[in-house]
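Think of it as A, B, C and D in the order they're written, each chain with its own count starting at 1.
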Amino acid sequence: MTPALNALPDQPLFQRFVVAVILLNAGILGVMTDPDLTPRTIRLLSFVDDGCLVVFTFEIVLKLMGQRLRFFRDGWNVFDFIVVSVALIPGTGTMSVLRAFRVFRLMRLVKSIPSMRRVMVGMFAALPGTGSVAGVLLVILYVSAIMAVNFFGEVDPENFGDLGVTFLTLFQFLTMEGWPDVARPVMQELPYAWMFFIPFILLTTFTTLNLLFGIIVESMEQAKEEEVRDAMALQGVDSSQESEEVRLVMVEREIRQIREKITALTVRMDGF
Amino acid sequence: MTPALNALPDQPLFQRFVVAVILLNAGILGVMTDPDLTPRTIRLLSFVDDGCLVVFTFEIVLKLMGQRLRFFRDGWNVFDFIVVSVALIPGTGTMSVLRAFRVFRLMRLVKSIPSMRRVMVGMFAALPGTGSVAGVLLVILYVSAIMAVNFFGEVDPENFGDLGVTFLTLFQFLTMEGWPDVARPVMQELPYAWMFFIPFILLTTFTTLNLLFGIIVESMEQAKEEEVRDAMALQGVDSSQESEEVRLVMVEREIRQIREKITALTVRMDGF
Amino acid sequence: MTPALNALPDQPLFQRFVVAVILLNAGILGVMTDPDLTPRTIRLLSFVDDGCLVVFTFEIVLKLMGQRLRFFRDGWNVFDFIVVSVALIPGTGTMSVLRAFRVFRLMRLVKSIPSMRRVMVGMFAALPGTGSVAGVLLVILYVSAIMAVNFFGEVDPENFGDLGVTFLTLFQFLTMEGWPDVARPVMQELPYAWMFFIPFILLTTFTTLNLLFGIIVESMEQAKEEEVRDAMALQGVDSSQESEEVRLVMVEREIRQIREKITALTVRMDGF
Amino acid sequence: MTPALNALPDQPLFQRFVVAVILLNAGILGVMTDPDLTPRTIRLLSFVDDGCLVVFTFEIVLKLMGQRLRFFRDGWNVFDFIVVSVALIPGTGTMSVLRAFRVFRLMRLVKSIPSMRRVMVGMFAALPGTGSVAGVLLVILYVSAIMAVNFFGEVDPENFGDLGVTFLTLFQFLTMEGWPDVARPVMQELPYAWMFFIPFILLTTFTTLNLLFGIIVESMEQAKEEEVRDAMALQGVDSSQESEEVRLVMVEREIRQIREKITALTVRMDGF
């Protein structure tokens, strides 16, 4: 294998070609959802779909050859590898569930366009910082689900019969969608059920909002910080890790020292 | 054509007259929606409506004569031109669809009132910056739609029969409106369908919120920046492009240099 | 009338007494909503209610005597005056609509507790700044309503029959509540109706969020500014009208001047 | 009792053991919601559940012995004490309501994991600051509820019959869930009912958003302030109570003084 082939995946022209193939593949997978296609059209579309898969496989093989095991250090590469491998396993063609996962290949578009990639990375990067809020939310949901089964399991077995359906019902409450349709019949049997439902809605809505905002604000701040660092690099200024407020305090301290020195200077001048 | 006529569209009195005509036109188009109007009233209202159109046409012709092709460089002018032209095409009176588009003329009100115009411009100006989040959302929607057709197309053809209705159903999920009414029957057939629905709701709600906030925060910051620039211009200070944080770093550096100079000065004084 | 009586409404003890009467009145008006009260209980409650009204009237008369026409310069006083006057008009007892407005008297509680009063004032103070966003939203709603009547008036007269019901339906769309129940039947007749519904939901949701956030952020910033001003006053520093960013620029300029002076000083020292 | 036993609750290994027991207890309480368990399985699960309770009781007794009455000064300890005591009262086993409250024991998980504990503390700490907004919201709700009973009590007794159901209906309006299903039938009888419903939705949605954001922003700022204080402590800088803006003003004042001193120095130099 020549070095030229190894370098191929990094060349802009090839990358643009891969994006075009992903878009073509997206179109074909979309058309193939039409239930009224003739068998001939399906055969033709499947053929082009296979062609796209060949291109993706070729790209990954080239990258694998160029980077060897380093290839698997990048999460995006691992994602590519899994998504393409699944489609290559023989016999998957008959399993409709795995067939459906072929569509994930289109997510490679996000990876291939830098600005969309940054959005995705930003969203993932913001996740760990809010893990503890998500944890609190999960504990609240679990405790509430067990209480709901105990309280309402006999009155409304369809919505609160076991832990599984109760989780679904509580998620429905969390989205506030159709909650009165569930709560009102229960309250006809148990008039004090509102003492569970209303605090649950208030508490989980608030925690969820808190969680979402935590992630959004976090990711916005990270984006802004990066901008500031870039602007500083352009000015030839060392980018420091300190926050704006800490630096303001440092400036204050330096100014106080300057004043003391000038006062000393003035005093010495008086001595002349 | 006299120069006086050319300058007419820029005169405050004429502009106020045009706003009044738009408001009159708004009232008439509103009254005309009443299905119980007598033919005579309709004739009368149509006559006044035509009168308003004459005023708008006159205004645009004047502007076109004054500015010639420069007229089309301003997006608002192009909007005015299209909206008024559509109403002038003969025969459109019988096509109810194009008749309905006459109402867009009232959007000229937004253009005519500076503060509302600024709101509109701000919203449009903030759009490109969030294009990549919108792109990620679209890719997620497209991939989800294809998966949903493959998974649920046979179980619930009304909501997931083809790509078109699936997009509508997923948009309904995105607004979280009535999603349990769609999801619960599907889950009776396919108990694991929640593994698609719940992640979909979580992911798209979060991405949509992220998108909306991106636009809102962006447009607020732009408005604030403009205010700061105006305040600086009033103070006779050159408005710089640097962010507050970069400038704070520059101040730090200057202060450090001042301290060094003063130290040098003190050392020299000691030499006397 | 003695000066002691004039000063009464400003005394803490009297103010606390009025708050207690408002709370008592709130309790009574709440109990009176019970449809199963005996006529005797109603008579008793009405009697206490009248007693509360006497206290409120007495308070307002005292204030009016002390402040004369200055009384009406404060919006809260005008609100008090109207709310108490309405209840005093004879014959209003039989008009159930005006009876219901008696309840507004309880809003006086907000006025009487300083921290709640500040919240209310902050919300009102933030309103004018977002008037132009509200204006844009109203124009969009009006234009959409006329279009909706023209497009869907014949297909679904119940929801889009005239401008009145259409406004209500569009407000329902704005809250995203039950929109698929309205949109789906219309789309069975007019398959392209989604080209109206989906952009309408996206555009108005976004504008509404923009409006709400504008008001909330504005009112938070005003509260914060007030805090800063108070903190500065405590430090004996003149509170300036300039924003933080403008002041940072001024500091930069002053520092540059200091450096120039020190450089000049150093040069002169070299001259010795 | 040896000192080693007293110190046990503070040892990392014991703390990890307690977390493991809480998780085990969570799993068992979850499994016990299954209505199809055999009596033998229930006996077995109850036995393990009792075992968990023994561990919790042991932990609390140890802490109580070590800290005596100081134990009750920490809110988390009080919570632990109540939750474990309830389960120990004999006879509670037959009262299904109190049985359900056993689940609260799982909330101890939040307490045991420091990062989740901080989230909970932050949420509680932010509550008092927004008490006045909550107060305004409650007054609006109460006044609206009384008005709604008076206006709509006879037309729709199911939703507005007495103060209790009206509060529930208004809470449903606040979540905007299914409001058209309630409002439309009422409006068929009372066409002007929208003059109550629409302002109510606008006003309460806005106040609720204001309230939620107040809490979220407050708690975020507190978290950020803590971070800044930690960063300053690391730099060996005294953390001051002043806000960034106040400090900027102080820096301005010091710089002005420095300039004056340098000017004076220059003038003196001229005198040589």
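Following the convention adopted for this analysis, a contact is a pair of C-beta atoms (placed from the backbone, for glycine too) under 8 Å apart; a residue touches a chain by one contact, two chains touch by 3 or more.
Here the structure is a predicted model, which means the values were calculated and not measured.
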| item | value |
| --- | --- |
| Any chain that touches subunit D and subunit C | none |
| Shared interface numbering between subunit D and subunit A [over half = same, under half = different] | different |
| Most distant chain from subunit A, judged by the mean position of its C-alpha atoms | C |
| Superposing rotation of subunit B relative to subunit C, computed on C-alpha atoms, to nearest 5° | 90 |
| Whole-Å gap separating subunit A and subunit D, where each centre is the average of the chain's CA atoms | 26 |
| Subunit A and subunit C: spacing of chain centres that average the CA atoms, whole Å | 38 |
| Sequence positions of subunit A contacting 2 or more other chains | 176-178, 244, 248, 250-251, 255, 258, 262, 265, 269 |
| Subunit A to subunit B touching residues, read off their complex | 26, 29-30, 33-35, 96-97, 99-101, 103-104, 106-107, 109-110, 113, 115-116, 118-120, 123, 168, 171-172, 175-178, 212, 215-216, 219-220, 227-228, 231-232, 235, 237, 240, 244, 247-248, 250-251, 254-255, 257-258, 261-262, 264-265, 268-269 |
| Residues on subunit C engaged by subunit B in the complex (per definition of touch) | 131-133, 135-136, 139, 142-143, 145-147, 149-151, 153, 161-163, 166, 176-181, 187, 194, 198, 201, 205-207, 209-210, 213-214, 217, 242-246, 248-253, 255-256, 258-259, 262-263, 265-266, 269 |
